[in-house]
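In structure tokens below, several structures.
Next, two complexes with chain A in common: one pairs it with chain B, the other with chain C.
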Partner chain A sequence: MKVIRKILDDIKPNVQKGGKFEIFHSAFDAVETLFFVPDKVTIKGSHIRDGIDMKRTMIVVFIALIPALLFGMWNVGFQHFKSLGETVTLWPAFWYGFWKVLPIVIVTYVVGLGIEIIFAQKRGHDVNEGFFVSGILIPLVLPPDIPLWMVAVATAFAVIIGKEVFGGTGMNILNPALTARAFLFFAYPSFMSGDKVWISDKADAFSGATPLGDALVGNFDKLPNPMDMITGIIPGSIGETSIIAISIGALILLFTGVASWRILFSTIAGALIMGLLFNLWGYNDYMNLPAHYHLIMGGFAFGAVFMATDPVTASQTNKGKYIYGFLIGLLAVLIRVFNPAYPEGMMLAILLMNVFAPLIDYYVVASNINKRLKRVKA
Partner chain B sequence: MSEEKKEKKAIFSAKNRKLLINPLHKDNPITTQVLGICSALAVTAKVKPAFVMTLSVMAVLAIGNVIISILRNGIPPRIRIIVQLVVIAALVILVDQVLKAFVFDVSKQLSVFVGLIITNCIIMGRFEAFAMANKPWESFLDGLGNAFGYGWILIVVAFFREFLGSGTIWDYPVMEKLGVYSFGYENNGFMILPPMALIIVGVIIWVQRSKDKTLIEEK
Partner chain C sequence: MMIKIKKGLDIKLVGEAEKIISKLKPNSYAIKPTDFIGVFPKMLVKQGDTVKAGSPLFFDKYRDNIQFTSPISGKVTELRRGAKRVLLEIKIEPDEQIVYEDFGKANPADQTREYIIEKLLKSGIWPFIRQRPYSVIANPENDPKAIFISAFDSNPLAPDYDLMVHGKGKVFQTGIDALTKLTSGKIHLNVNGKDTPSDVFTNSKNVQINEFTGPHPAGNIGTQIAHIDPINKGDIVWYLYPQDVITIGNLFFEGKFDTTRLIAFTGSEVIKPTYFKTQLGACIDSMAENNVSDVKKRFISGNVLTGDKVERDGFVGSYHSQVTVIPEGDTHEFFGWLIPNPKKHSFYRSALSWLTPNKKFKLNTNLNGGGRAFVMTGQFEKVFPMNIFPMQLIKSIMIEDIDAMENLGIYEVDEADFALCEYISTSKINIQEIVRNGLNLMRKEMS
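On to the complex of A and B.
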């Protein structure tokens, strides 16, 4: 570590204000804070700074995503060979998926970070870690065979229109990863939905429908058994299939307190309650689907753990978090069952609630003020 | 009569020129006055309808402004909105009939939106804000200027939406001629949807404001 410190200290004067390479300031800063805790201290007031800054938070989320990422890579390979009717051992499947997923990850990072650095230079602020997690989330919510240029376009759209327009990391209204996915979903629907895209290079005769796809067209007898859906040996977006891998990530996030348990809990509650209500109504087969199926189908689990809990776009107040999460779960199931055009309701539900999160906060705060005012009067 | 003669002398005075040019940029109906957004979303999926829409709005706005300006002293203030609406509606019906007679296919594409020019806020807005208080010639210029300002935004938005969304420009298959489809290029379906028009208008506003800082409101 000392060696790195020394190298950085040697370079530092050159890139600070007035130095020869001032233009690389933000790049230098990015590297420096990667290795060392920033030495910034507060000057005014009595702010207490926690040791956990944005970089540490992002690293925790990144670690939490690793199980889903690794499983996703393996599953991409496994599904591919399965569709060809071949049996495959652990490593060949993993390597196949690895070489499918890695280019998507690289393209996402290069495009996303490139744009962030350009904006940081232009606006004179530091390159921050905002894209660190988005860069891994975006590949995980895409199908394995998505053309790379589409990934690049969607990433650029998400970073510019979804984030930089509002002022960069921490100011965004919509979750950037979901913005990218929604962009692709509406722009290139034939690459993002249907039963052809979820298995990489699949054999034509093999049905590649996801459980959601099956449910949508009423093939309830074709749904994989719940055990497969929980382990994740089903076709789907790269990172969304395995409930076990996602749960490991969820435990890490909850244990470290990075994700809000209130949001997670209320999202699941919302989905279950909506599912149970549909069960009571029981008008068609989809409504009769047991409520807990909704939790393990499609991107619900992934969205609930990694997207809904995004601290920037979620509600900030505790009461608001319950409302926010509950409505996400409720709307996700509602969209799935009622709107045949959008098989995956989770993405749209989260984006919609992202937009409403500040409003929820506003009313939670306002009601609190009212309550206190009443107390004063009494 | 003497008044009219004076007017004619200064037919393109600096003030009058401003009436024509300001709406193109600083006082643009869409990007700064934020009027007429609905039709900017609805008819900009392709350049051709956007162009015809521009012409239609131009006709209605310029002629309407003149008519209202001539009538301005005779309109009782309490019923002025009704009078304005009658003028707009009459003009819109005229435009609609002309379109149906000469460019039927475009008229079909624009469908209900020609009729909806009646509700286009730019027209009401200019009647109220300008024609009710100014002379016919100035009102004519103001109408023309605002229609131009509205039109260039419409056509720019339509250009990007048609080019990226359908791969054509004025129905000419540009992307196909360039041969990009063989490289795996796909048309962007999102561009065809109205939200994308809103985003493109937003980007235009962004560019405009970063070029001209005076447009940014003080906090």
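On to the complex of A and C.
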């Protein structure tokens, strides 16, 4: 630790303002603050400060994503060998998936962090930790065989158009990871949908449809049994399949208070209520699908836990969070059942509600203002 | 009235003052014009003048009837100025024995409002009566809708107000009697509902006693006003501290400006934290003599959340009855953001301190991170017990949207109400400074 400190102290004068390598200032700063909490002390206001900071908050989300990541790696391998008709033990399946997923993660981080550091340097702020999380979220919502150049393009699009044009972390309107996914979904649909892309190097004869894909075309008899959907041994995006792994992440986020329980609760409630209403209507087979299936199919659980709860793009008021989450759940199921073009409704539901979140807040805040005005008259 | 505050946070620190009182005779006192927000000092004395306790030192250029007097008799030794020649301190070297100006004894109950105001202005006690909105010195021409006195402090290492007023029931009541003439409304005396408050408070007459329980900021005047009689646009509420009520009582009881008060000397770097009996504006150096540790420290006039950074040879601020000494935190900490450190305190459960709710912490001045944009939401609301959206109000101040600030309740708050939000801020935003800027802007707009 003293050695690292010494190396950093030796480099520091060169990268500071006026130094020879000034352009690496932000990059150096990011590395330095990764190893050491800076020696900055309070100058104004409260003399003591809470032990938390943005890095610690973001690492909690990162940790919460690890079960889904590890399971996803294993499942990529498991599905691959299953489609070939081979059965393998735990580790070969995991390593197969590991080498499939790792390059996607690396490409995402290199491209995303590179852009973040350039923007931080130009703007003269610290490198924000937001991409810490986005960088792992993006791979987890992609199919395993996605070409790496697409990952790079989508990440660049998400970071620049989704985030930096609005002013960077904390200012963005749309969730960056979902922006990346939506970009790929609309730009390269053949790599992002259908029944060929969800299993890595799939044998042609094997059906690789996801539960949502089956449901869309009416193959309800082909749906995997609910237990498989909960454990996650089904084809799908890398990190979205296992409800168990996602639930472990959810517990971590809820326990630490990093994710809003209000959003998570109301998202699930919204989906269940919409599902039950469809059950009552019962016009076609999809409407008759038991409501709880919607919670375990496709990207609903992953989106509800890791995307809907993104504090920057969600509603910021407590009341607003209930409405925001409820509408996400409701719209996700609505899109799944009614829209013939997109099997997955969660991504679009969240992005749509991201756009409407400020409007929800506007009305919640307006009601507080009205109460205050009424008090004056009374 | 019994009011239970649910939202908030008690930060438990090492170094609470033991209830031992020793007399302190520092060799220097000072009044700091910068303590009085919005006041532009016009000097009435110069270096070398001799003053009595109660002699005017300066007045406010904008409100010339508000004058500031010397807490002690002696010689003016220095008018210390800072950047742009801002007057920072008027230093006074005390006489052996305090000589007081005579303002004449009187029974406030028999006097008119005009007489009482005149006396408070002339003696220099008036600046201790402040108003909301804006948290500035009250305007004697206003009729406030109520006067609030918080009889307890819930800040970290807070001094014990019961000890401060102990045995001073008569003087306190005299002070209250004077205050009752100043408002057509009520006087609210807000006591701690959990601990047994001093009978000086509970036996007070002509006041409404309200009991508050719950975590900090239950003792903050802003919290109390919001729960009893919230401020609407156009309303004015006055407030002051119990020790200043006693100073008012002394003025009428003995006819002199006697600021004798207790100052709690607290914090983890104080070897023996106790109380000192001294006068307003005492030099901190004499408290620290042989009584602080050797590490690099920060001296704070006031508490760790809202106090002012001072030097070791600095002075206790006019609105403070506490000095806190904590370690400076200007060191690099290896992976400090990642490794759970049982020595750190956090409001959040991503650290370990929630496991030890009764542990007393030794916290330093490290920012524990870097400044960021707002990212997390819904956190401030957990420590902000008012019907106000804290983050939305802060943002409206940052963009200087006057209408939004007014609509979101800026008249009801001051920077101290946001101290806990600042403490728990993940993005390390200096919220108290933002709120003060907003109040100053609003005051300028409205005048």
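Operating definition for what follows: the second predicted complex is superposed on the first by the 361 of 378 C-alpha atoms of A that agree within 3 Å, B and C clash if a C-alpha of one lies under 4 Å from a C-alpha of the other, contacts with A are read in each partner's own complex, and residues count from 1 in each chain.
Everything below uses one rule, namely that contacts are C-beta pairs under 8 Å (C-beta built on N, C-alpha and C of every residue); 3 or more make two chains touch, one makes a residue touch a chain.
If you're wondering where the values come from, they're calculated on a predicted model, not measured in any experiment.
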Report task. Consider chain A as the common anchor and indicate whether chain B and chain C clash or fit when overlaid. Result -> fit
Requested in this report: Answer with first, second, both or neither: which of chain B and chain C does A:Asn288 touch in the superposed model?
Outcome: neither
Report task. Pick one for A:Pro147: touches chain B only (first), chain C only (second), both, or neither. Result -> first
Query raised in the report: In the superposed arrangement, which partner chain does A:Gln16 touch: chain B (first), chain C (second), both, or neither?
Result: neither
Query raised in the report: Touching A:Asn279 in the superposition: chain B (first), chain C (second), both, neither?
Result: neither
**Report entry** Degrees between the directions from chain A toward chain B and toward chain C, using C-alpha centres, nearest 10
**Finding:** 100
Query raised in the report: When both complexes are superposed, which of chain B and chain C contacts more residues belonging to chain A?
Result: C
Report task. Considering only touches as defined above, state whether A:Asn318 meets chain B (first), chain C (second), both or neither. Result -> second
Query raised in the report: Regarding the shared-chain residue A:Asn339, is it in contact with chain B (first), chain C (second), both, or neither?
Result: neither
Query raised in the report: In the superposed arrangement, does A:Gly130 touch chain B (first), chain C (second), both or neither?
Result: second
Query raised in the report: Now for A:Phe186: first (chain B), second (chain C), both, or neither, which partner does it touch?
Result: first
Requested in this report: State whether A:Thr169 touches chain B only (first), chain C only (second), both chains, or neither.
Outcome: second
Query - Per-pair minimum CA distance [chain C against chain B, superposed on A] in Å - result: 10
Report summary line: Going through chain A, the residues touched by chain B and also by chain C turn out to be none
Query - chain A to chain C touching residues, read off their complex - result: 1, 4-5, 33, 35-57, 59-60, 126, 128-130, 167-171, 255-258, 260, 262, 311-312, 314, 316-318, 321, 361, 365, 368-369, 371-373, 375-376
Query - Contacting residues of chain C [partner chain A, same complex] - result: 11, 156, 230, 232-234, 298, 300, 304-307, 309, 324, 326, 328-338, 341, 344-351, 353, 363-378, 381, 387-389, 391-392, 407-409, 415, 419, 422-428, 430-433
Requested in this report: Give every residue of chain B touching chain A within the complex, in rising order.
Outcome: 184-186, 188-191, 193, 199, 202-203, 206
Query raised in the report: Once bound in the complex, which stretches of chain A touch chain B?
Result: 147, 149-150, 153, 161, 165, 183, 186-191
